[in-house]
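Take a look at these structures.
Two complexes are shown next, each including chain A; its partner changes from chain B in the first to chain C in the second.
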Partner chain A sequence: MSGRLVLALALGATVLAPLVAPTYHVLLMLPFMAYAVALLGLNLLFGYTGLVSFGHALFLGVGAYTGAFLTSVFKVRSMEVILVAAAALGALVAAPVGALCVRYVKIYFGMLTLAFGMVFYTFVLKFYRLTGGDEGMPFLRPTLLGRSIEGLPKTDYLAGPYYYYSLAVLVLATLVMWRIVHSPFGLCLKTIRDNPTKAETLGIGVARYRWCAFVISAVYAAVGGALLGPPTGNVDPTLAYWTQSGNIVFMTLLGGFASFFGPVLGAFVFIYLQDWVMSVVPFWRLIFGAILAAIVIAAPGGLAGLWVRRPSVEASSS
Partner chain B sequence: MILRAEGLRKLYGEFCALDGVSLAISAGEFVSIIGPNGAGKSTLVNVLTGVLRPTAGAVTFRDRDVSGIGPARLARLGIARSFQLVQVFPDLTVLETLQAAVVSRLGHGARLFASLAADRAVREGALEIAELFGLGRKRHVPARHLPQGDKKLLDVASAFALRPQIILLDEPTSGVSTADKTAIMETLVSASKRIGVQAIIQVEHDMDIVFGYSDRIIALHEGRVLADGPPAAIEADRRVVDTVIGRRARAR
Partner chain C sequence: MLTVDAVDVFIQASHILRSVSLGVGPREVVCLVGRNGAGKTTTLRTIMGYLRPRAGGVEFRGHPIHGRRTHEIARLGVGWAPEDCGIFGDLTVAENIEIATRTRPGGRPATERIELAFRVFPMLRRYAGRKGPELSGGERKMLSIARALALDPELLVLDEPFEGLAPAIIPAVSEGLAAITELGRSILIAESNIHHVPEYTHRLYVIERGAIVFAGAQEDAWRDPGLARIIGSAT
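Take a look at the complex of A and B:
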């Protein structure tokens, strides 16, 4: 099956899901789509630039808290304003954090991002009066494209308008990211991932490109974070905790960082598998962890790698 | 004078790899740097191209002090290089590698939302170099699948794709058979003419190549310049013959 066909089928199924699938599973698509947006960004850094961030929950948190503040403190309900503000704040926070982190590579980069993530987590937890501490803040129902949808029961709102709104954001984010990775800029990122020394001698300023990739990935994570708010209606510090950072890195590995859509697939499998395991077994974390470990061992290139590798093997044997 | 180095010193910890090296390269010159293993040839190339910072001394490029500005800015100013230990982008194809160099040269790297495939200037620039270096038919092969000789060629070709004013090649023909060496050298020379490279500096162990192509030879030994002059003078220099060229070459 060609990639385009699979993509078209997946998109078609996603569009039709609210009409045919049980509401419960439709609602699980919401965090999937939000994480998918964040992962597209994370993978620009990971798969395309070769930097693994263990602190991206920081930007999920920035996005989600932006929405919570705007809706519950500033009475701004427009989801478009929230998304733009989340993106802007994500970039604003990422600019100095990134400038510091991209001076380091490999595990040092990872640890530094982790440290910044911890700082942010502690900040939202301890500045109780500003952030509500561990209880978090309400993320009030936003208006979509200027239309207030107050009348609708919450589930209908989420499984209907909000679902399609999230899908539209995901599609748009995907198109933009597709452009970025296939641009001259994207090519420069790949040279840095493959061989920074060589890239530098070709006149490609490694630190600057890494910084740009970092900021873009933070913008994506912040937009994803903002999308995560409405389904729960509440934003709390667990969203910014380091285990979240670990989860999104894991989703990326699970799906396959070497492929554009791999991380999106990873988010999908992670979320539905987690939900299913939680519902059928006690000690679900144990089982879930074991299943994930087994997948990663069996498919080191991620799930997308299983599928992508086949054509290249055929090509080389012909 | 395009490139000038004055009093370069490079210490690795206690060890002194370059001990007061001065040299000057003029437009139109093909200069070979020779010397026994460990003489400091690669260290010199690395210092001249900004990959290593000298412990002391200065490098000037077209009357501009470029010491310590780093390889990326030097590359944009017009100094390109290839490596002794071949450096490629394993997952990028030949074409992508050359495109990256052209993107960098044309300053298209800031184009976030433009299509690389539709960038004709970049594509044509890359294809031209691929053809010049005989890599045209392999343009869609990822670098990691290339044979060693082609990797070396790609490393060199990508430096040429920058259309530099001066190019430094650290053993461009090492690990290649004698027959192929001459072919590579011919490619290098004709590519330089096509592109308008003003000076070539190469590190080379093969004395046939060194004496066959150089306008000038610089002999290094233990981090110092032992001799610097035209091939005839180098060949007549006893100290160079004893320490660098060896008896075999003298008998020639």
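Take a look at the complex of A and C:
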């Protein structure tokens, strides 16, 4: 089955889901779509640039808290304004953080991003008057495309207009990211991932390109974070905790970072598998962890890697 | 074009290059010959900014480049084809060549530069859609040089372009280099095998234990018994 057909079927099923699927499952799609946006960005850094960030929950948190501040403090309810503000603030925070982090690679980069993530987590946890501390902040229902949908029950709002709004953001984010990774900039990132020393001999300023990838990935994570707010209606520090960073790295590995859509698939499987395991066993973390570990061991290239052809292997064997 | 002036390079505590000087003029082909471990690659890596000289300097088109980063030197117009080729395995042949036209914009149009690279090494055109791991050693060498050429450089720095190649593929690479010289580019080649030094070489440098021991015409080097022993044993 061709990739385009699979993609068309997946998109069609996603569009039809609110009409045919139980509301509960439709609502589960909301965090999936928010994480998918964040993972598209994370994979620009991970899969395409070769840098593994363990602190991207920082930017999820920046996006989510931006929405919470705007809706509950500044009374700004427009989702478009929230998304733009989240993206801008994500970039603003990522610029200095990235400038420091991209000087390092491998585990040092990962640990440094983790450290910045924990600084932000501690900030939102401890500055109670500003952020609400461990109780978090309310993320009031935003208007979509200028239309206030206050009269609609929350479930109907989320499974209807907000669902399609999130889907539209995901599709737009996917198209933009597709353009980025297939541009000369994306090619340069791949050369940096393959061999940064040799990439320099082509005139590629490695640090500058890594920084750009970092900022773009942060913008995506912030937009994803902003999308996570309305379904729960509240933003708290757990969203910025290091386990969130671990989860999104794991989603990327689960789906396969070598594939463009791998992380999106990883987010889908992670969220639905987690929900299913939670519903059938009390000690779900144990079972969930074991299942995920088994998948990663059986499919080192991620779930997408099971399906994507490997021309180099085929060519060498032929 | 390129002047390396009395360069001393240390790697940790080891004194690798000792007052190395050499020059490459416009449209010149210059060869640096020496045995394995003599300091050829270290000299080229110093030119490319990977190593910083403790003394002396490197100038390109009259401007010092020894303090500059590698990517800045490449953008000034120095193309580099390393000994291990440095092919990006996840990119196709066409992408490997195309990327060099994006990172140093200006000058000739990208399409012209890509076409020139394929014209110099016609064999690569057939493999345009193949990825790095699907190429033979000779094809990788050609791609490495073609990619450096697509950067539209004034000077090409080639580290052992014939190293490890099957005898059948050497003429194809050699013809490609000859075609590049006809384009008027300057070329600096490091080579450990004297028999691979192209006949159109304008000047030969012999390096031994980190020091230049000869600079002159290829035939003059053979007349010196001491040098003939060094470059003869380099085969």
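Following the convention adopted for this analysis, the second predicted complex is superposed on the first by the 309 of 318 C-alpha atoms of A that agree within 3 Å, B and C clash if a C-alpha of one lies under 4 Å from a C-alpha of the other, contacts with A are read in each partner's own complex, and residues count from 1 in each chain.
Here is the rule we use: a contact is a pair of C-beta atoms (placed from the backbone, for glycine too) under 8 Å apart; a residue touches a chain by one contact, two chains touch by 3 or more.
Since this is a predicted model, take the numbers as computed values, not measurements.
J.: Using the superposition on chain A, decide if chain B and chain C clash or fit.
T.: clash
J.: Should A:H182 be classified as contacting the first partner (chain B), the second (chain C), both, or neither?
T.: First partner only, chain B.
J.: Have a look at where A:R285 lands relative to chain B and chain C in the superposition and call it first, second, both or neither.
T.: A:R285 sits against neither chain B nor chain C.
J.: Looking at the overlay, does A:T191 come into contact with chain B only (first), chain C only (second), both, or neither?
T.: Touch status of A:T191: both partners.
J.: So, does A:K154 touch the first partner chain B, the second partner chain C, both, or neither?
T.: A:K154 sits against neither chain B nor chain C.
J.: Quick check on the superposed pair: does A:T201 touch chain B, chain C, both, or neither? Answer first, second, both or neither.
T.: both
J.: Touch test for A:K126: chain B only (first), chain C only (second), both, or neither?
T.: So A:K126 meets neither chain B nor chain C here.
J.: Output the chain A positions appearing in both contact lists, the one against chain B and the one against chain C.
T.: 184, 187-188, 190-191, 193-195, 197-206
J.: So in the complex, the part of chain B that touches chain A is made up of which residues?
T.: 49, 51, 70-73, 75-76, 80-81, 83, 87-92, 96-97, 99-101, 103-105, 108-117, 119, 122, 155, 158-159, 162
J.: Quick check on the complex: what are the chain C residues that touch chain A?
T.: Going by the criterion above, the answer is residues 48, 50, 69-72, 74-75, 79-80, 82, 86, 88-91, 95, 98-100, 102-104, 130-131, 133-134, 147-148, 151.
J.: In the complex of these two chains, what residues of chain A are touching chain C?
T.: Within the complex, chain A contacts chain C at residues 184, 187-188, 190-191, 193-195, 197-206, 311-312, 315-316.
J.: Can you tell me which positions in chain A touch chain B when the two form their complex?
T.: These residues of chain A touch chain B: 176, 179-180, 182-188, 190-191, 193-195, 197-206, 209, 212.
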